[in-house]
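For reference, chains read A, B, C and D in written order, and residue numbers begin at 1 within each chain.
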Amino acid sequence: MCGIFGAYSPMGKKVLEDVYLGLYALQHRGQEAAGVAWVNPQGRISSIKGSGLVHLALNQAELAAVETSCAIGHVRYSTAGGSELANAQPLTASTSKTSLAVAHNGNLTNAGGIKLFLENRGAIFHSATDTEVILHLMAHQPHKESLDALLDSLTRLRGAYSLAMVIGQDLVAARDPWGFRPLVIGKRDDVFYVSSETCALNLVGASVVREVEPGEVVIFGRKGMDSIPIPVDVKRRYGCAFEFVYFARPDSVISGRSVYEVRKELGRKLADRAPCPEAHLATGMPDSGTIAALGYAEKSATPYEQTVVRNRYVGRTFIEPTQRVRELGVRIKLNPITEVLSGKNVVVVDDSIVRGTTCQRMISMIKACGASQVHVRISSPPVRFPCYYGIDTPTRVELAAARMNLRQLEREVGADSLSYITEEDLIEAIGLPCGEVCTACFSGQYMEGGEDNEPEL
Amino acid sequence: MCGIFGAYSPMGKKVLEDVYLGLYALQHRGQEAAGVAWVNPQGRISSIKGSGLVHLALNQAELAAVETSCAIGHVRYSTAGGSELANAQPLTASTSKTSLAVAHNGNLTNAGGIKLFLENRGAIFHSATDTEVILHLMAHQPHKESLDALLDSLTRLRGAYSLAMVIGQDLVAARDPWGFRPLVIGKRDDVFYVSSETCALNLVGASVVREVEPGEVVIFGRKGMDSIPIPVDVKRRYGCAFEFVYFARPDSVISGRSVYEVRKELGRKLADRAPCPEAHLATGMPDSGTIAALGYAEKSATPYEQTVVRNRYVGRTFIEPTQRVRELGVRIKLNPITEVLSGKNVVVVDDSIVRGTTCQRMISMIKACGASQVHVRISSPPVRFPCYYGIDTPTRVELAAARMNLRQLEREVGADSLSYITEEDLIEAIGLPCGEVCTACFSGQYMEGGEDNEPEL
Amino acid sequence: MCGIFGAYSPMGKKVLEDVYLGLYALQHRGQEAAGVAWVNPQGRISSIKGSGLVHLALNQAELAAVETSCAIGHVRYSTAGGSELANAQPLTASTSKTSLAVAHNGNLTNAGGIKLFLENRGAIFHSATDTEVILHLMAHQPHKESLDALLDSLTRLRGAYSLAMVIGQDLVAARDPWGFRPLVIGKRDDVFYVSSETCALNLVGASVVREVEPGEVVIFGRKGMDSIPIPVDVKRRYGCAFEFVYFARPDSVISGRSVYEVRKELGRKLADRAPCPEAHLATGMPDSGTIAALGYAEKSATPYEQTVVRNRYVGRTFIEPTQRVRELGVRIKLNPITEVLSGKNVVVVDDSIVRGTTCQRMISMIKACGASQVHVRISSPPVRFPCYYGIDTPTRVELAAARMNLRQLEREVGADSLSYITEEDLIEAIGLPCGEVCTACFSGQYMEGGEDNEPEL
Amino acid sequence: MCGIFGAYSPMGKKVLEDVYLGLYALQHRGQEAAGVAWVNPQGRISSIKGSGLVHLALNQAELAAVETSCAIGHVRYSTAGGSELANAQPLTASTSKTSLAVAHNGNLTNAGGIKLFLENRGAIFHSATDTEVILHLMAHQPHKESLDALLDSLTRLRGAYSLAMVIGQDLVAARDPWGFRPLVIGKRDDVFYVSSETCALNLVGASVVREVEPGEVVIFGRKGMDSIPIPVDVKRRYGCAFEFVYFARPDSVISGRSVYEVRKELGRKLADRAPCPEAHLATGMPDSGTIAALGYAEKSATPYEQTVVRNRYVGRTFIEPTQRVRELGVRIKLNPITEVLSGKNVVVVDDSIVRGTTCQRMISMIKACGASQVHVRISSPPVRFPCYYGIDTPTRVELAAARMNLRQLEREVGADSLSYITEEDLIEAIGLPCGEVCTACFSGQYMEGGEDNEPEL
């Protein structure tokens, strides 16, 4: 997944602390590593990266003191490329022309071919990320102006990229022509921001200006904001449905749609598509199913209860996976309330089933507390195909819904009943035209022309 | 506050990892320091203590490897005694008779006088905690058997104490005759546990045996479990109402009453006591008001909504209180969802108002998102008096409800209306006889005879 | 061993950084732990202690900023009492009368009996050090003035103690009536210092005033320096010979005698006592034998060479004792120079032989470099008895010279010849009356009345 | 400066711990950073680098466990390139052909031009070291075999380089055609080593095979050891005289000459060139002048004394440069022994004078201890020119001997007399033909053709 954030002040205000705070708001998009890069007083690029959560990887007080009015940041999620710090972003480079830094959310589907091509021309790659090809493509056009080199490079890329870059003294944002991942522009007084999600703009007190359009490069420089199109023809758009279903924070707005409202609507659709008249109460899988469960409860007039208590310190307090801890299982993190569940028929709403193991453990735990029946309702269609555009899904054979039909899966997880919504329900709840939503992980219909030929420079 | 946990296996099983996990489940009762003490293979007592959350203070893998079948642990909350590590518990001592360790939840009201008395007999105190007087009282009776020395010492104490102790090779639990703080016994196979709350017994897979009774000392030794009464006459009990209102985890059961159910009932009482017909939706102050808000919504048939998103990483990611962060205020942690709140009359339920500042900031933030009216409903009576029995309340002049009447406080926090439940509502919702519940912080009626005379040894 | 240092400014100058620097100069006396204690602005005592070398245990910059004009410090060597941080010094206590801190160099021979006596009166000991009995003895006389309580306590002690203490607002130095360990007073401008050795006074720019006399308590307070005798009769003095032979730094002066000059004189005596006409060169065991080797070379007119190079970073760079490292042995630290040693008859001078293993390894290594003969000369008499007065010698059975006669030991270490000086040589070289030098480790003649009866308070 | 070390076992023995130990023996050549690189079980290159001394930068136990039979290491001294970790070595790269790692001792004089040339062909440089050009030169010849690409690259380099490299699965050593820096081959059983100095071979128990010849590339692979010449014509050699005077460890042998013997001979030459009949004693500046002082004392029949004691823990215990520490000056580290110096005429021998400040401080300190006269004798000619071949000398204006004539410098440092040896003395003492020794820092006669033209690939 990953989250990106950038800030630029034409008036010379310090912006690096805001980038830190923006990353903090985007922490749910990546917990493996975090980094920032900025234009230093010498006009070159400095950067700091570290492992783990933002506050472990970076030092807020130190960043707050840095004199810079142009900076970007990144939180890293994916294990693609491995967890070495060399793969943390932003990546930086100094070419013969200029200094560069890039923070990338998404996944390039033709990175492998471009890398081979460049290595045969002498390029030395230092990371295992697909992002590094962008820097080398630019460096291998040493006689072009930087923006021309960028545009030329972007036209060669296939797949998903939302980018925040520093080029020379400017902040540059770019979004692939297919619009896979979100990217939005904000403003507070004279400071411009770019962010993966609106919730980070809210945190720094900025208002939303507009989204970066699919296929658009936006440049923030001395003279303000400028826009250039990426000259690539596209047939349709592929906005990621999973951002609405699970990934984005509920307080964000994507393509003009409130994520909270979409999730609640998904719950309502689910209540219509898969009612459960025998239920005494509805509850959400903590924390991923809560909002859809509220929608389900509302539409079906079933009482909503918080049936499982999550240890507030899970995630803060690291628990070693010792023998004893494995034996205790999910109880370490979650404790169902016997007094609420005992003797009841329970509807449990969750956003999706990936491997099925979490769902199975939860049902078994709820039944152990005395629930009579457990009915599972999923607020998205079955995930049957891997994502090549930036979400870290397992291979097909690991996807529960690809290995089993509905009845088998129902038995596997131990539910008294199991139901999903349909793709049509999903697209209706999102409220965007169906030609703009990517549903590849449900349908297997990927973007055409993803794996491209060798670039010519 | 503080939380305590102990484990004992007469069959010689290793128990220290369970103490670690128990403390982890009790983390909400104290985040300042954590510690454990155990009987080592030489039959003496070892201990490890550290600052901060359990996983920072202690090393799970290291503890899991320790050969001990008798151990106790403590998480420290209070700032009484200061935050120095010397004040972290368990406190340990070796007297001429035996080895001792003690973990204490509560606050002794006559510790000052006892300390003076002992210093005049040569005692050297090493911590600023009231707990240390227990050790010195025992050491100053060198010719008595340990349990006799303990009983004699406990009869001299006034105020609140739930104790988990190691005395020699045994685990000992004790609870003051007034029953201020909870303390419960659990069992899994042959292992006995004592814990501040049942949620920690759930986590280690133990079932609840019973509570330690007010005025009871329970000894776990080679021959199993034994019980001795503390010979002190009491007129009534003082079970802490705030454990139900706010302090305990909702998945715990205290005095046979589910905390979740009590909180939901408090919400229902609140809906009866202070209805709000003009409200479009009800919501809880995150996270302290959520359960009572569900009860309020249910009883008043008002739709329940999650209107504010808490950053999942608050508490994990430390944010420096820089100028910029102060300027951004509560937005750093909480983001209200404009799309849900805009143009609505909102009922906000919270558990209590202490200083009033948090409440004021939340109302102002919700109104900034476009809410038309904000009605505040509190699921406990006004807190007008400080607690001397282990809860870290501010002095009277800082307590908002002690400084102002209801209308003034309503204006101060900026609410369109503000209502509380009554003491009677509270006691009804808890469901215990009113002669067993401490309501000193609401009524100012403290236990009699708290500050006692010098002990004679 | 251990080293102690104290500083006091009647004019209110900050002195804690000087204590840090003094400890740094005394680092050779103890590397296991270091600590400082001082009078804080509230008139009470603060202290910081840590494991390892001074710069790891303490933070110079932090100490330099502390407002205090009365402070003491300690570097810990001994493993008596174990290496736990609880045993690091200074030890502190607050009694009903005053605040105390104590730093101790030496070893009390009757600490065990006193400890039992005090525990039977209710005392709780927190460390395994003999030093703690001093604090409890004082606390158990709560109605006496502090200095009276100190004097009374000191008269009950047997064995070796050089003390730097904080009592209330004053710095107090004390030295046992037998004069086992050195203790010296210095002054720079208006600041008074006490130190185990003069080299630490040199480092802080102070000049030497005089030694603290055996059996003297010196108080540094508002009105300057005052002196009180400890009312104990003694028959003779026991100044430690090993301070001159090995322990003290060569740039220190003890009892008016330059340690460097004594060591060189020991080498000259050794040349007379055990000449080696066939030698081509003389060298010192690095680094303990260097100065005596210079004296030996001078007196015997043998060329002096540095034959072994010690890795400059030994001690700074920690080497794990892996299989490979054990296989490489002493070569890890020391490299003999083949070009200098090959074909030569070599005299190797060292200060003493304890277990004999180091000596054996060195000889074997030197012979491996081609030396024809290796003649070992020791600049002290054979060590045949353990020290009970503060030097960490092994038990008798581990002492090579106690287990073997000279010829056996010569064979054991692989020397072509092995010789020592005599006790008479030693005392002559030191230059003090023989009734003032302790030679117990050579002769087994310990101080009389070391293990005393129970104290009466 | 820097030190390099490599190890290769054709039989598959683990060698990385030996590289760690080799670096430890070479620690005197660089304390700023350390790193290792090795062939991992996947046949690619792994590397670990860190700041500071070897044991801080690297983890011996971890390295000892690594399965690899081909590894190199580096200790970094120079501040050229800045102290950022990005500049620590070995540098690694994976090209289209193979994996590379390089550790470099020396300084390339034409690196700037090559870097510009490569950046104009798309290369992205990641460090500020001159070493990185070697990797990019190789990567820009993607169609050549690796060794051919290496040889081609080396012919383009000017200046000093001793290299230990991993190329594919092989260990490769190379030394520039001018022979500036040492590089030697060792062997223990079947394991081959390359090292900057013989002392590191001694430590790992290896015997010296021979030096890598100037202009030679040596390859250690499956089939043993192979050698290829670098096709560059040279007129003469430039073996660094300062390795003998100061830089190398005294237990090393360079070009067949014992460094210890050379230093002692330098002292003897100095006694002949600059006698001092009025001296009572000779001493060395600790620790750089000790061996030459022994030679001086021997030749001039002046008694040798250790007059200054260096705190054994200097370098281990970090001292903050606070106001107080600056006031105390060199006394923090060094303490002269008044008893030895008082009233004496002293000859102080040192290896060189760079800025003159250390010398001045030492003389002033010795005089403060009562020395009557201080005569300074330097065991090398005056350093008047900066070094461009890997020694970190200051610019000319900072070099004391470039700014002042002998009499001025004598006055500046406060000596009663000051003398040097001549270049002829130096070359005679080293014992190599004068056409093989670089004396550029004394004479200003640098190698011809250092700054070269752009390479053509």
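Observations on the structure shown:
Basically, a residue touches a chain if its C-beta (ideal position, glycine included) is under 8 Å from a C-beta of that chain, and two chains touch if they have at least 3 such contacts.
Quick caveat: nothing in here was measured; it's all calculated off a predicted structure.
Listed here as common contacts of chain C and chain D: no chain.
Each chain gets one centre point, the mean of its Cα atoms, and the points for chain A and chain C are 63 Å apart. Separating the CA-averaged centres of chain A and chain D is a span of 51 Å.
Contact with two or more other chains is made by no residue of chain C.
Shown are all chain pairs that touch, namely A-B, A-D, B-C, C-D.
Residues of chain D that touch chain C in their complex: 17-18, 21, 24-25, 27-28, 53-55, 60-61, 64, 199, 202-205, 249-251, 253, 258, 260-261, 287, 290-291, 294, 298, 303-306, 309, 311-313, 315-320, 322, 324-325, 327-328, 331-332, 335-337, 339-340. Of all residues in chain B, only 93-96, 116, 119-126, 135-136, 139-142 touch chain C in the complex they form.
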